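There are structures below to look over.
Look at the two complexes coming up: chain A is in both, with chain B in one and chain C in the other.
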Partner chain A sequence: LSIDTICKVLSSNFTVLLIFFGTGSVLDQSLESLLHRLRGLCDNMEPESFADHELVYLLKGQQGNPFMLRGRRSLLHPTAPWHLRYLGQPEVGDKSRHALVRNCVDVAASHSLPEFLNEMGFRMDHEFVAKGQVFRKGAMKVVVSKLLRVLATGNTENTEPLSLSYIVELSVLAPAGQDFVSEDMRSFAEQLKPLVHLEKIDPKRLM
Partner chain B sequence: MCQLEASLESLHARVAHLKGSLQSFILKLENEHDRLTWPSVLDNFALLSGQLNTINKVLKNEKTPSYRSQVIIPLLLSPDRDEELVKLTEQRVPVFSHEIVPDHLRTKPDPEVEEQEKHLSAEAARIGPEVAQKQIQTLNKLCSNLLEKLNNPRDDRDSESSASRQNKPSFNPADTNALVAAVGFGKGLSKCRPPGSVPPGHPGQPTMSTGPTLQQVTIAGTTGHQAGMGGQVAQQQPGQPGKMPSSIKTNIKSASMHPYNR
Partner chain C sequence: MSGGPAVRVSIESQCERQVQEVSLDGLETYVPPLSMSQNLAKLAQRIDFDQSSDSEQESREPRSALKFQPSLWPWDSVRNNLRSALTEMCVLHDVLSVLKDKKYMALDPVSQDPSTPQVFQLISKKKSLATAAQLLLKGAEKLTKSLAENQEQRRQRDFNSELLRLRSQWKLRKLGHKILGDLSYRSAGSLFPHHGTFEVIKNTDIDLDKKVPDDYCPLNVQIPSDLEGSAYIKVSIQKQSADIGDLGTVSLFRRQPKAKPASQMWHLKLEAAQNVLLCKEIFAQLSREAVQIKSQIPHIVVKNQILSQPFPGLQLSISLCHSTGEKKIQRASPDKSKPDDHLYVLEHNLHQLIREFHKQTLSSVVMPHPASSPFGHKRLRLAGPMAYDKAEISSLQQSEGLLEKIIKQAKHIFLRSRSIQLQLNIGVEQIRVVHRDGRVVTLSHQEQELQDFLLSQMSQHQVHAVQQLAKVMGWHVLSFSNHVGLGPIESIGNASAITVASPSGEHTISVRNGPESGCKVLVQFPRSQAKELLKSDVLQEGRWTHLRGPYREVHWGRMEGRNFVYKMELLMAALTPCP
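What follows is the complex of A and B.
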């Protein structure tokens, strides 16, 4: 999460966008090679580093799946606004589509977000810290991050890595209806092989 | 006679093409050398080589009369500037005089080239026909081997690099799934209630859910018991090549202490 994204979020208000995902992972020891490759393939900008604390809130209803909201704050920029995101269920569509498509609503929020959500009835389900870098190529965004488990609730100083790998996510924010972007993502994903194998993974299947 | 003219025409045309591509290549090298990529330089060389090939073919063509048997005799030499000649030769030969004729109408090769040719033909005569034939065959075999290797890259590359690649996989699919699950729905992350987030006895909550069970999780340091609750599995992957930094297992005590029990 960077100042850049936050500004985008602030200016876009309640824009509903679709996100396409390709996900993979890279072992710690191969991280450098991946970063080199990404620096070559992506837009020639200094990659942005981020360290974010994400809290996932659930609102459990009487029936159906709980409603999930994600609140994210930057540990590097403590005074920046929080980032609240809603991610819809992956669209069941075209199986041949090589990317996952989900509705996404991004909003900026003040620092009283946790209290506000609690008042609304949400309960924090889990939290984690993500540290890594963001690369961009045109409209595509590649996020390479290390997920860290928070050992004591709310204490982001005391963390440990979740695994020996970094998670690599390729995504695009596109206005609803635009579908051709996944071709670009597919060719980009090809270029990251065999270092990283990016594929469409539906988290629901891993439940 | 007209055969000679026709062949000269086509030769002239081919040479003109070659000249054109050489010129453009030189221009490119001089002006755009910092922006030039190796593949485009290779393309230029390929073009030149193709054009040289065509010229060779024209020369070897059976319809082409042997130029060796032709003789060019200058009929008129004059030290005066000839405008037509200037135009024909693109400003390179202004005067058709005694000085330029020996150079331009020369049929003998350069002395060095002549030397080399003599040397080569002497060498060829020395080794005899059988040895020469064997050398030709070896060369052909080498070329075809190389071509085969180049045309079937997959077989060779796979056999030699698959061994080295197996030692260093750069990603672990199990990790991928674990990370995606963690981001997706918090698998492997402790489920918790943030402390102090529950205002005691707050009246009039609009959207209260009835009867959900909140689970409290305590984290044991080293050993613990696997959680018995459905869906809350500790993140243990003993089969991984690396080792997890800690062996955190979660003890789950279910607590049905919803603060807003009404």
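What follows is the complex of A and C.
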């Protein structure tokens, strides 16, 4: 498999857009009030905690930017499959649109994923552990997570927090061509307003 | 002693006597006047005999110049006063007589204070009144303002307390100036695309001075127009299919349940609207499945009714009855002649099923682990890595929709109602059992009675089953008795027995079934097959061997078959040889 095949897969009909409405952050001491509010706004379920270990793989080609894939596994549910995700460049669309829209391909993978990617030529660029809670409201997903740095490669027991805050992400997976859900997302973000400001983040600026 | 003529002055002493006493009838009793001797005594008492006549001589000298001795004349002061009065009067008289001539004296009026004109008085009075009035008005204004503020606060407080009550039961959020709410089941897991938004309206414009209507509430809700009124899902089973023209016209409406007295109007409104929404969702789901699912007899979806045939000749109709409450249905519905055949159980089950479906979308099974994976059932996520094939994936999917489940339940209800022989009416003290053939038995509260009764019924039922089976299989019933008098006596009820003969007449089956003694089956074979019979000289011709001979008991416990009827059927089949 090479980059060309992967690109072909991406351009086929079953791509899905991932609309990242906003990303924000909240300090550790304000976490409780944010969780409380999310519990009230989102669907009526018990809050779901998670602890994941994510590895970011890069394939350095001869030209241009390296190709990035993210592999993620759950530390709380070790038997659950890995999740491999490709995120494309942000869609160039309406500038006034409040949401960041990217191509997204999600694949469930077995536990031999790291070896497989290594065989394919990918090299692990960095890894981290994310712990937090997931909420849902209809099709929207709100993830509140604390990012932890892995001190020794592969050892997820030994971690230290990357910062004193939690990162909040609001996202929706929608089929290609349908992005009118941004209205719902905007009103949802409005309701979180004084606690956390969710903004559109340009990934190119961060790279 | 004056120069003019003497003036005669008449003097009269007031001879008033002192009142001694006033009697009760008003008669006054005067103190009688002192007599001469009493008067003398009184005067003598006043004489001071200590003072000698020397002092009288001494005092007489300086007073000799005087003409009269004042101590001897009691009227002296009177005379002096009169004299001075006379002097005054004479002077006055003289002055007036001089004035009359006007030559030497004239009268001049004394200058008076200038009197204030009427107009000025009026103006000053008006001003003072105006100031007083202004003060009073200011005071009154303050009072009315404070009263109005109190009223307004009370109204606001009422509105706020109502709003608090509303918020404790329904989801509310603020959008600008408006307060909106959500009455849909989306937060409970529904995926129905209706927004379900209602608006909260302040109703504080009424005048509190006027009479407040009984159902006044400071808070009002405005629900979406398509959720007004009330609705329910009518499920019924009919034996014959309805006419084509009657499809989609189900409009029979049942009366509203009585509202709880403590609930507010907005609560009732919101509950009714939520119910309408749920009924719409149920009906939408059912009609979607009715169209998509392929079945042998296709389901018909017409307007607000879904028709399907669980069994041939039996029709199940599910319809959404939505009444906006504006106009009463005048036309007499064709169902009026029949009693209401709406199956409440199935309607309740539909509601339960849709709520189950809601809960499934919210179950934690759907939540992603790791957090970046999409929502979806966790077992389905294994499909990729474990390389499931199509059969395995389809087995993971939801196998049955709402419609199929309801049809199954309707079938069960129908079968149950068909096969019920007894009907138990459980009262407060007694149980009344109504048999299918009209017999009524009353049992007391002891459960042993009911148990015994049911056992006896069961044994009778088995014998009846043999009778029915015989009819079906073509066997003839030779004898049948519900209460046989032979054999061991049963402690509960009576044993029943039946004897049936095969179509060819060669075999008979005799069954005796008792609640206690159980089931005894005997089979009679033709003489030719009985080995133990001795050949005798009485029977000359061979045709007598076709008659039935001795009985043999069947080991019923060893018979093959799931239940009594199967076993009997097998036995009958085995005894009917193929031609």
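What we mean here is this: the second predicted complex is superposed on the first by the 190 of 207 C-alpha atoms of A that agree within 3 Å, B and C clash if a C-alpha of one lies under 4 Å from a C-alpha of the other, contacts with A are read in each partner's own complex, and residues count from 1 in each chain.
As a working rule, contacts are C-beta pairs under 8 Å (C-beta built on N, C-alpha and C of every residue); 3 or more make two chains touch, one makes a residue touch a chain.
What you are looking at is a predicted structure, and each value in this text was computed from that prediction instead of being measured.
K.L.:
Scan A:M120 for contacts with chain B and chain C and give back first, second, both or neither.
P.N.:
The answer is first: A:M120 touches chain B but not chain C.
K.L.:
Identify the partner contact of A:V26: answer first if only chain B is touched, second if only chain C is, both if each is, neither if none is.
P.N.:
Once the two structures are laid over each other on A, A:V26 reaches chain B alone.
K.L.:
Taking the superposition on A as described, I'd like to know which of chain B and chain C A:S163 touches: first, second, both or neither.
P.N.:
After superposition on chain A, A:S163 lies in contact with chain B alone.
K.L.:
Contact-wise, after the overlay, does A:R186 reach chain B, chain C, both or neither (first, second, both, neither)?
P.N.:
After superposition on chain A, A:R186 lies in contact with neither partner.
K.L.:
Determine, for the superposed model, which of the two partners chain B and chain C contacts more residues of chain A.
P.N.:
B
K.L.:
Classify the contacts of A:M45 with the two partner chains as first (chain B alone), second (chain C alone), both, or neither.
P.N.:
After superposing on A, A:M45 lies in contact with chain C but is clear of chain B.
K.L.:
First (chain B), second (chain C), both or neither: which does A:G138 touch?
P.N.:
In the superposition, A:G138 touches chain C alone.
K.L.:
Mind working out whether A:A109 is in touch with chain B, chain C, both or neither, as first, second, both or neither?
P.N.:
In the superposition, A:A109 contacts chain C only.
K.L.:
Can you check the complex and tell me which residues of chain C touch chain A?
P.N.:
173, 186-189, 191, 362-364, 367-375, 378, 381-386
K.L.:
Where on chain B does chain A make contact in their complex?
P.N.:
Against chain A, the touching part of chain B is residues 165, 168-173, 175-195, 197-199, 205-210, 212, 214, 219, 231, 235, 240, 242, 244-246, 248.
K.L.:
Can you name the residues of chain A that touch chain C in the complex?
P.N.:
42-46, 48, 50, 52, 54, 70, 72-74, 76-77, 80-83, 85, 106-111, 130, 132, 134, 136-139, 141, 143, 145, 173, 191
K.L.:
Can you list the residues on chain A that touch chain B in the complex?
P.N.:
23-27, 29-30, 33-34, 55-56, 59-62, 68, 114-115, 118-121, 123-128, 147, 149-151, 153-154, 160-165, 167, 194-197, 201, 203-204, 206-207
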